[in-house]
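Listed after this line are the structures, all set down as structure tokens.
Next come two complexes built around chain A: one with chain B, the other with chain C.
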Partner chain A sequence: MSLPPGLSQGQFDNALSEFRTAVGNDWVFTIDEHIAMYKDYFSPLQNTEAQPIPSAAVAPDSVEELKVVLRVANDYQIPLWTISTGKNYGYGGPDSRVNGSVIVDLKRMNRILELNEEHAYALVEPGVSTYDLWREIRRRGYRLWTDGPSPAYASIIGNTLERGAGYGLLGERAAAQCGMEVVLANGDVMRTGMGANSNAETWQQYKYGLGPYVDGMFSQSNLGIVTKMGIWLIPEPPAFRSAEVYVSGHEDIIPMIDTLRPLRLSNVIANSATASTNQGGHIEGAQGPGGGAGGGPNVDGGHAPGLPGWRARLGFYGYDRVVEANWEQVQDEFASAIPSATFHSSRFAAPYNPDEMLTESKLAAGIPSFQEAPIWNHGGTFVSMVMPFTGADYWDFLQTYDGLYQEYGMRYMGGPLHFHAPRSLMTLAGVPLSSTDNAVNERAMALCENLIRVSGEKGWSEYRTPLVFMDNAMESFDFNDHALRRFHETLKDTLDPNGILSPGKNGVWPQRLREERA
Partner chain B sequence: MRKLILKMLFSVLALSSFNLLAQEDITAQGEEVYMARCEYCHGEGLQKGGTIMLHRRYGDSKPAVLHQRTDLLPEYIRNIVRTNTPGMTPVRITEVNEKELDALILFLTRNNP
Partner chain C sequence: MINRRLFLQTSSATLASIASTNPALAKGIIKDKDKGSVFDLVLFDDQHKESVDFATDAKKNGATIGVVHEDLNEEAYDLLTSHFSSQRSIIAGYTREHTAGYILALARDHAYQQVHFSELEPELQLLLKENSQKKLVAWVLAPLYTTNNS
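After this line comes the complex of A and B, so read on.
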């Protein structure tokens, strides 16, 4: 069992006893068997002493209980690490950055506080998963669609705060967030946007309120704990077409991206489209994350690869004639840019039956799924870059990454690409890990660090990064001697002077732990 | 005396039917836990990860859909739920508490011989 930094066993026992008073004996976890459930089994640091081990986990059921947890952490200067459902796999799962942290597990706060069909939104607590919300909408018979990542157990708040990607009309998850309740490190409870007016009925309808818009400060952040969040939903469309465009040449990705861009920018393709190689995503022999929702990163285990073609996945929604007209236009655009392009699509109409849809269509219809499990056999880690939305930039990325992968005895065939933030391109490169061979993981770490460094030099930076690379990834945001990070840390020291909230999250360290920066 | 025996018999019957009812209730609770926390990965359908994995592992020798199995033992279920296994990370007590896990086990073992 580990201890929080600087605390004696006696001091920690006292703190635990105060945590137990706050949340109840059953909801403070300290024995090894329980702590093991708060470990990231897909960490590149797995099976090494470098993987931080929590000293305890504490699971409050309410804001009032959470406030006491924060008071105790401040009194004893205990680093906390907050998780909603702790399923951020590929990016760190429930792991913390400082050995001996106390995990604040918010899964018990799992209430859907409001579900509004008329205005198409929900107000949820951190423990609510995408699947919980989807089921509740169906139970009530509301004509609403959700959006979100593929894994059904992901927290809506957690994934939205991580600025995750969905596949439907609200796939840019951070943009679908409206209004928050945040508990600050000192226990103060704040509501943002219109929620700051206690009488307002528009907390989930207008994001900005008056004055500085602060919601973004609490995403990918360690400045507060978000305990409630408004999330926009989609009125069920009368018709929906789930479509795919196939191109056979590897270099066809260049015109494919350049054809997609104007269609995406003008909202003819209004959903969070994706593209991936057409080899079915996952190459046998690779042990890392592949396949699944957006198609596979196609890390090859070492045998002779062919150069794959590509497929783009699109969704069209709305009135039947509009859906059909948009899809026809999109086919015309692709056919004129890439004459060999082929098309496949499936049409659905309300009332929708999820059992008739394959995963691709389900995702574009916001139906949580879970096809990935087999892929996660051994675990993997992601390097996810934001870059300009052009075929030339992506081709440069592909050559650069394949070159670097080859230095480590692997190949990178590309994909998946996400077009959820419609004016940029986001790429996801998976690096396989091993649950038994540490050498594989050391090699993966070295490759990832290289990918991040070289990307930074090319002007690509990560939109989201695994825990172990947070300092590396933040390093690439270097303008004016890291003015942005200096600003983050000025806020950190002001709002959380004891540095108790998730120290090191995305490379932002509190003063007293700043020497921990990698 | 006869009255007493009848009375005793009646209480035994009442008690056992009560237990039976309670057990059915708990099994139903277990089914709800299964539908909320397990089915999206382990249920019927071609594209559910857990079902895919179990099919790969057992072929046609055992049902790939978890709730159709009749050979799962309580301790085995508990162990799979709470510890890391390939493709399935631990389900924490905050996700499925001990009482819910007991109910889930009752549901998944309901058809065991």
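After this line comes the complex of A and C, so read on.
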């Protein structure tokens, strides 16, 4: 068993005893089989001593129990690592950054506290998955659509806090968040936005309240633990068309992106569109060192340059005539820019039957899918960059990344391009790992570190990053000698002086553990 | 590569081996398997002949069966989670490889472990319906333990 840094076995036993008093004996996990549940099976550090091992896990069922956990952690200066459902695969799963951390597992806090059809929102706890919410909407017969990531087992709060992407009308997940309840490191419970007015009925309807807007401080953050969150939903549209645009040439991605941009900016394409190679939704076992059957990340398009064309996935929603007019206009724009472009689409109308939809349509309709789970046996890790929304920039990215992959004996394995944040482009590079060959993982880590460094020099930075690269990724935000990181650290040291909450999350370390920075 | 007979032999042997080091598992689960199916739940892909045949046999021997192919439908999800919750069920699947991946991720949440995984022999990968994602794999999930902190 690992111990939290600086604690003796006796001190830790006392802390565990207090945790048990707080949450109940059944919900403090210490034996190896339990701790194994909190291992990231897709970590580049798997099978090495560098992979942090938790000392324990605690699973509170309420804010009151959580407050006691925080009090105990402060008393003993125990680093905690908070997870919602721990499904952040490709970015670290349930793993922590400091060996001997205690995992705070919020899966038991899985209540849908409010589901409002009239105003189209939900108020949820961290353990609620996109699938849970979708099913509850169906059970009640509400005419609401969800949006969210694939796969379906992701926590709504976890994914939103990580600023993940969906595929429908509210695909920029952080933008769909409205109001939160946060437990601060000192146990104080705060509600943001209109929730700060105890009498307000608009907590999930108006984000900002009065004064500085603080919700963003708790996303990708280690400044507090979010225990409730409002999430906007979508009134069921009367009609919906799921559409795809295909282009055959590899370089056609340049005019494809440049055609998409004005359509996305003007909201003619209103959903979180994606583009990927047109070899199909996924390539089984993208080949790389350690790949093979069930090998690398199951991501779109192993880019052998010159080979694949591309497809864009789009969605159109609303009144039938508007849907059809927008889709016709989009086809005209693409046909004008890329005469060889071809089109495919499927039209649906309320009442909707998910069983009639293929995965592409389901995702655009916000129907959670398990099929899109991106990882298989050996797993993989992601490098996900934000860059300008232009074809030229993406072409530069493709050439740069393929060159770097080749230095490590691979070809670029790209995931889909996401256009969920409508004024930028987000790329997803997959790097395969091995569960049996550490040399493969060492090479993958070296490649990722190089990708992040070179990207930073080009002005591209990660929108989200795996645990092991958090310090590297934050390093690229270097303006004024890392003024942003100094600001984060000032907040951290003020709000969490004992540094108990998720130390090292996204490169933000508390004072007492700052030497841990890579 | 594996076929049905070999799958049953190896997964039974694996379960017996695990039970030998886990008395709770041995008492609570393996003893119940002296007759009938080794498995409590079998998930199968109705687009693969071998998978359908395997599930048909399992059902005759008393196992609950559920269909799963591209995606996990609500019925299969409920079957899985209810068997996970029992902390006693042995769950087997003849599914597509990708399907096995996300089921394993769900299993870990419920303190289940993968105790067997293999790819089926090429001649057993026969399709009943046309589909490009045809690689069929066989797998078994068993509980890590039967009660918390046992």
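As a working rule, the second predicted complex is superposed on the first by the 486 of 518 C-alpha atoms of A that agree within 3 Å, B and C clash if a C-alpha of one lies under 4 Å from a C-alpha of the other, contacts with A are read in each partner's own complex, and residues count from 1 in each chain.
Everything below uses one rule, namely that contacts are C-beta pairs under 8 Å (C-beta built on N, C-alpha and C of every residue); 3 or more make two chains touch, one makes a residue touch a chain.
For clarity, every value in this text was computed on a predicted model and none was experimentally measured.
Asks: Identify whether chain B and chain C fit side by side or clash on chain A in the overlaid structures.
Replies: Here chain B and chain C cannot both sit on chain A without a clash.
Asks: Please indicate which partner A:Arg71 is in contact with in the superposed arrangement: first for chain B, second for chain C, both, or neither.
Replies: neither
Asks: Looking at the overlay, what does A:Asp105 touch: chain B (first), chain C (second), both, or neither?
Replies: A:Asp105 contacts chain B only, not chain C.
Asks: Tell me which partner A:Ile31 touches in the superposition: chain B (first), chain C (second), both or neither.
Replies: A:Ile31: touches chain C, not chain B.
Asks: Now for A:Ala59: first (chain B), second (chain C), both, or neither, which partner does it touch?
Replies: Touch partner of A:Ala59: chain B, not chain C.
Asks: Report for A:Asp132: first if it touches chain B alone, second if chain C alone, otherwise both or neither.
Replies: first
Asks: Which partner does A:Thr359 contact after superposing on A: first (chain B), second (chain C), both, neither?
Replies: A:Thr359 contacts both chain B and chain C.
Asks: Jot down the residues of chain A that show up as touching in both complexes, chain B in one and chain C in the other.
Replies: Correct list for chain A: 29, 33-34, 36-37, 41, 85-87, 89, 107, 131, 135, 152-153, 355, 359, 369-371, 373, 375-377.
Asks: Quick check: in the complex, which residue numbers of chain A touch chain C?
Replies: 25-26, 29-31, 33-34, 36-37, 41, 85-87, 89, 107, 131, 135, 151-153, 280, 282, 284, 293-294, 298, 355, 359, 362, 369-371, 373, 375-377
Asks: Applying the document's contact rule, which stretches of chain A touch chain B when the two form their complex?
Replies: My answer: residues 27, 29, 33-34, 36-39, 41, 59, 85-87, 89, 93, 105, 107-108, 127, 131-132, 135, 152-153, 355, 358-359, 368-378, 435.
Asks: Which bits of chain C are touching chain A when the two form their complex?
Replies: Chain C reaches chain A through residues 70-74, 77, 97-99, 101-102, 105-106, 108-109, 111, 117, 119, 132-133, 135, 144-145, 148-149.
Asks: Per the contact definition, I'd like the list of chain B residues that touch chain A in the complex.
Replies: Touch residues, chain B against chain A: 36-37, 40-41, 45-50, 52-53, 56, 82-84, 86-95.
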